[in-house]
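Structure below; questions to follow.
Note that the chains take the letters A, B and C in the order they are written out, and that residue 1 is the start of every chain.
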Amino acid sequence: MSVETKQLNCINCPMGCLLTVTLEDGKVTNVTGNTCPRGETYAHQELTDPQRMLTSTVSIEGGELPLLPVVSKTTLPKGKILDCAMALRSVHVKAPVKTGDVIVKDILGLGVDIVASRDM
Amino acid sequence: MGEQLYDIIIVGGGPAGLSAAYSAWQNGAKEILVLERDREAGGILQQCIHNGFGLHHFKEELTGPGYAQRCYDLVKDKPEIKILVDTMVLNIGQDKTVTAVSPEHGLMKVKGKTIILTMGCRERTRGAIRIPGYRPAGVFTAGAAQRMVNMEGYLPGKKIVILGSGDIGLIMARRMTLEGCKVQAVLEICPFSNGLTRNMVQCLYDYDIPLYLSHTITAIHGKDRVSGITAAKVDDHMKPIPGTEFDIDCDTLLLSVGLIPENELSRGLGIAMHPLTNGPIVDQHRETSIPGIFAAGNVVHVHDLVDFVSEEAEIAGKYAALKAQEQLPEDVADIAVEAIDEVRTCVPQHVRATAEGETIRLFMRVRKPMKKVRLTVKSGDDTLLTKVLPVAKPSEMIAVNVPAAKAKGHHADWTVSVKEEA
Amino acid sequence: MTKQADVVVIGGGITGTAILHELSKYNLRAVLVEQEPELAAGTTKGNSAILHAGFDAPTGSMKALMNVEGNAMYHELKDELDLEIRWSGSYVAALDDEQVDVLKELLARGQANGVPGLKIVSGDEMREEEPNVSKDIKAALFAPTAGICWPFGLALAFAENAVINGAEVIRDCKVTDIIVEDGAVKAVETDQGTIETKYVINAAGVHADDISRLAGDDSFTIKPRRGEYILFDKTAQKDLVYSPIFPTPTKMGKGILVCATTHGNVFVGPNAQDLPEDDKDDTAVTIPGMDEILDKARRLVPNIPVGATITEFSGVRAVSNTGDFIVGPSEKTTGLLHAAGIQSPGLTSAPAIAKKLVNLIVSETGASAKSDYKKGRPAQPCFRMMLDADQKALIAKDPRYGRVICRCETITEGEIVDAIHRPVGARTVDGVKRRTRAGMGRCQGGFCGPRVTQILARELNIPVTEVRKEMRNSYMFYNKESGGKA
């Protein structure tokens, strides 16, 4: 059985707690340093399947601006963020768009929609 | 014929201006005018397309444009609130006459019973921090680059070095990476980062972008366009240490070296300013030294959370509305609020106490990063509030309420202290 | 491109543009070539912006002659070309008795040079006019005919008038060779083609010796000498000084001065650093240089507003091996005329140098004066200086004058568009800045730089990615790269 410890910063809130995580055979068995339960959840998630929100822009025709800001509806696998961002660089939409409108459905087959983050 | 008279004229239609307008409306102001110099309301948030806004204020995680949209939706289509965009305020007179100009309406003069200053802040530039070397193209403030990338659709460059680890610098490191650029390094002159830990993780560590603490730039290379920079380690006095220099190849240098409240109009008015916040000295209602002129948001002191900007602007909006309706309660004492020990700045700088008392919200910044500190607010020898905080950082504003029951009657000057617990 | 000209002026700084202005009064086909996209991109943009009275240079030198004559000419030209000049007078301050003796020498020399109105005043008399100068100043030489100016504006005014009168300015045009046959100039080769001409006027600043060599004349060399400056925000220490305040000069030059610009900013500088001859355009700024400037400036004016620094910059001056200006025909090559080694007081001397050289060509060729020569240049609207009624009228005519682009200096879109479409109009972001002051303020173009870039692209009908900051390859922005499939 292999036992290792890792340190990471919780990103749930501005506190940024420094977590010390004990892993046994790659499984999280202990978390210290967190000041709230979210820290423990974060440590589990981060060390098994790290997730991030994605924000970027897509080009838009007929809007007040040439770009429309967009956001992933929920988190995406951290390892796929760069691929998703690259994919968004060739997306074009037409105005008008409302906040929350789906801009890309099920991006890269990851089951997450990319939505508009403002009206335009 | 005189100028049109408004209850409240709000200078700046960013989150502070919009939040102030909504709060003023809620508090009975009938004629509210918001003057915004950009092509639309929302201010700097429109270019801050990342998420992390609104957790306190809207109880939901929003992007910058999403937050701006929420603020705007609250005030649009209200007959009492008029928003003029593409309109620059040129001057404000002591008599609260505002001179502004726009392509659509030309030169206009309007008068307010009260005015709220919500002009926000601007970025410190290369000149202000003295970086030696050439003056080529490719040196941008991080915010200017952010606007170009997120709103106009152009890149400031492809191979980037960022000076300063404030949140805008960190956010731009990730943003440029997502746009396919290579961020070579982030340099920070302080021995600690000036950004939020969550931004360090999500913007730098996630993409293996090197962060050099206690480093600065000693030369910019390239006569036409940036071709590289020389970095060096700094000593305890932030002076470069000879022999530690190394070159970094890049075509772009982004500067994220601090924000300065934009107070040219305030200075023109002769409003009393605070030397450390670089903003107007205000009371708990955010009224400045000139009666009837209020100020809120980054123009008063630079915030790290827009949620607090909105909160502060709502205070200003409410009391400006009451003042315009001549309903502002009489004050019975003017109490100084002094920042002491590790507190660098505290807003408001004074409290105009009323007979019945009111809850006083204090916003403060500390001088250095600390763990486990005790925050104490005293009036003379009486402790009004004391609490222990697990961490305190210069980059994160601390906000506390002194409840009305505690504040009432304590007319000796206040001190606000933060000290490390033994 | 192959074109014919009577005279080709090489270099679009203050000297070259003043020469072109003078040439345009005659029936001569005059062409000016400048290697950068903008005029006044070299020494003319990095100097002390002072129109000197003329007491510094040795009596009888070309510098002394040109300075005194040039100064007098600017007093006439100010109204004719609507130049931004304030006749502020200047002081040379003495801190001890030895320096007071030097003032007396300067006074005598100035009088010999023909400088009017010079007088030595006591320290107290000076402080009555300039209350912020050091208590240690014992006496000062006051020169009433000195002034401060907006140097790029002067060069642009000369060029605009010349172009209105038929002269041509070709920018982004680097001279690659000068064709000489039988000892006489035949043509100028550039990266935009050949210009056949009998006369070449060499006004190439720090590169004047290189140009001269191309035409077979290696009779002089130019050494680059860099001077650094620090500029302060105009809201800080308003009225710190009214006139330029010089220290007592030394062998190294006029020294580090404290001065105001015509727009009310204070600046200090320059120091003097000799550069290697293979790097004539090294306009970097250095930390030791800036420390030196501040240290010396404080001896004259203790309360320098360091906290309000908005930028540091430097300029390179062309120092000839003769120590004097080289103004006149080449002794080696027929048709080549030099305006070389033009360091201080070059800005002041430019119109006199122009007149001297153009007179030579006119007398040789017998060219006649243009009967339809037009004085002046199109008025340049300046929104912030206008009365309310005029502002209203201007916006009514063109609503773009109601849109403020540069917030620090209150510069409108209308003014920027005008700057782009004027004769020899702005092509770059810094070109707009020099013509309008957009980006000259405390935020240094942070807000307006990108917007000015977009206006330039729109008005010049070029992509945003083709807009430059100032120099040949100083591109501002890149296109976003497109990605893969979503």
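In the analysis below, a contact is a pair of C-beta atoms (placed from the backbone, for glycine too) under 8 Å apart; a residue touches a chain by one contact, two chains touch by 3 or more.
Keep in mind it's a predicted model, so treat the numbers as computed, not measured.
Participant: Which chain has its C-alpha centre closest to the mean of all protein C-alpha atoms shown?
Facilitator: Answer for the innermost chain: B.
Participant: More contacting C-beta pairs: A-C or A-B?
Facilitator: Pair with the higher count of C-beta contacts: A-B.
Participant: So, what's the distance in Å between the C-alpha centres of chain C and chain B?
Facilitator: Between these chains, centre-to-centre, one finds 39 Å.
Participant: Suppose each chain is reduced to the average of its Cα coordinates; what separation in Å results between chain A and chain B?
Facilitator: One centre to the other, that is 26 Å.
Participant: Roughly how far is chain A from chain C, going centre to centre by Cα mean, in whole Å?
Facilitator: 54
Participant: For chain C, jot down the residues that touch at least 2 other chains.
Facilitator: 480-481, 483
Participant: On chain B, where are the residues touching two or more other chains?
Facilitator: Residues 149, 152-153, 179-180 of chain B each touch two or more of the other chains.
Participant: Could you check chain A for residues that touch two or more other chains and list them?
Facilitator: Chain A, residues with two or more chain partners: 85-86, 89.
Participant: Show which residues of chain C lie in contact with chain B when the two form their complex.
Facilitator: 231, 235, 281, 283-287, 290, 309-313, 388, 391-392, 395-396, 399-404, 407-408, 410, 412-413, 442-447, 449-450, 454, 464-465, 468-481, 483
Participant: Report the residues of chain A in contact with chain C in the complex, numbered from low to high.
Facilitator: For chain A paired with chain C, touching residues are 83-91, 104, 107-108, 114.
Participant: Considering the complex alone, what residue numbers of chain B touch chain C?
Facilitator: 37, 86, 88, 90, 101-107, 122-123, 125-128, 130, 132-137, 140-141, 143-144, 147-149, 152-158, 179-180, 218-219, 223-225, 264, 267
Participant: Mind pulling up the chain B residues that touch chain A in the complex?
Facilitator: 39-40, 46, 49-51, 55, 61-66, 68-69, 149-153, 177-180, 196-198, 200-202, 206, 305, 390-391, 396
Participant: Which of the residues in chain A come into contact with chain B in the complex?
Facilitator: It comes out as residues 8-16, 35, 52-57, 59, 64-67, 69-71, 78, 81-82, 85-86, 89, 99, 117-119.
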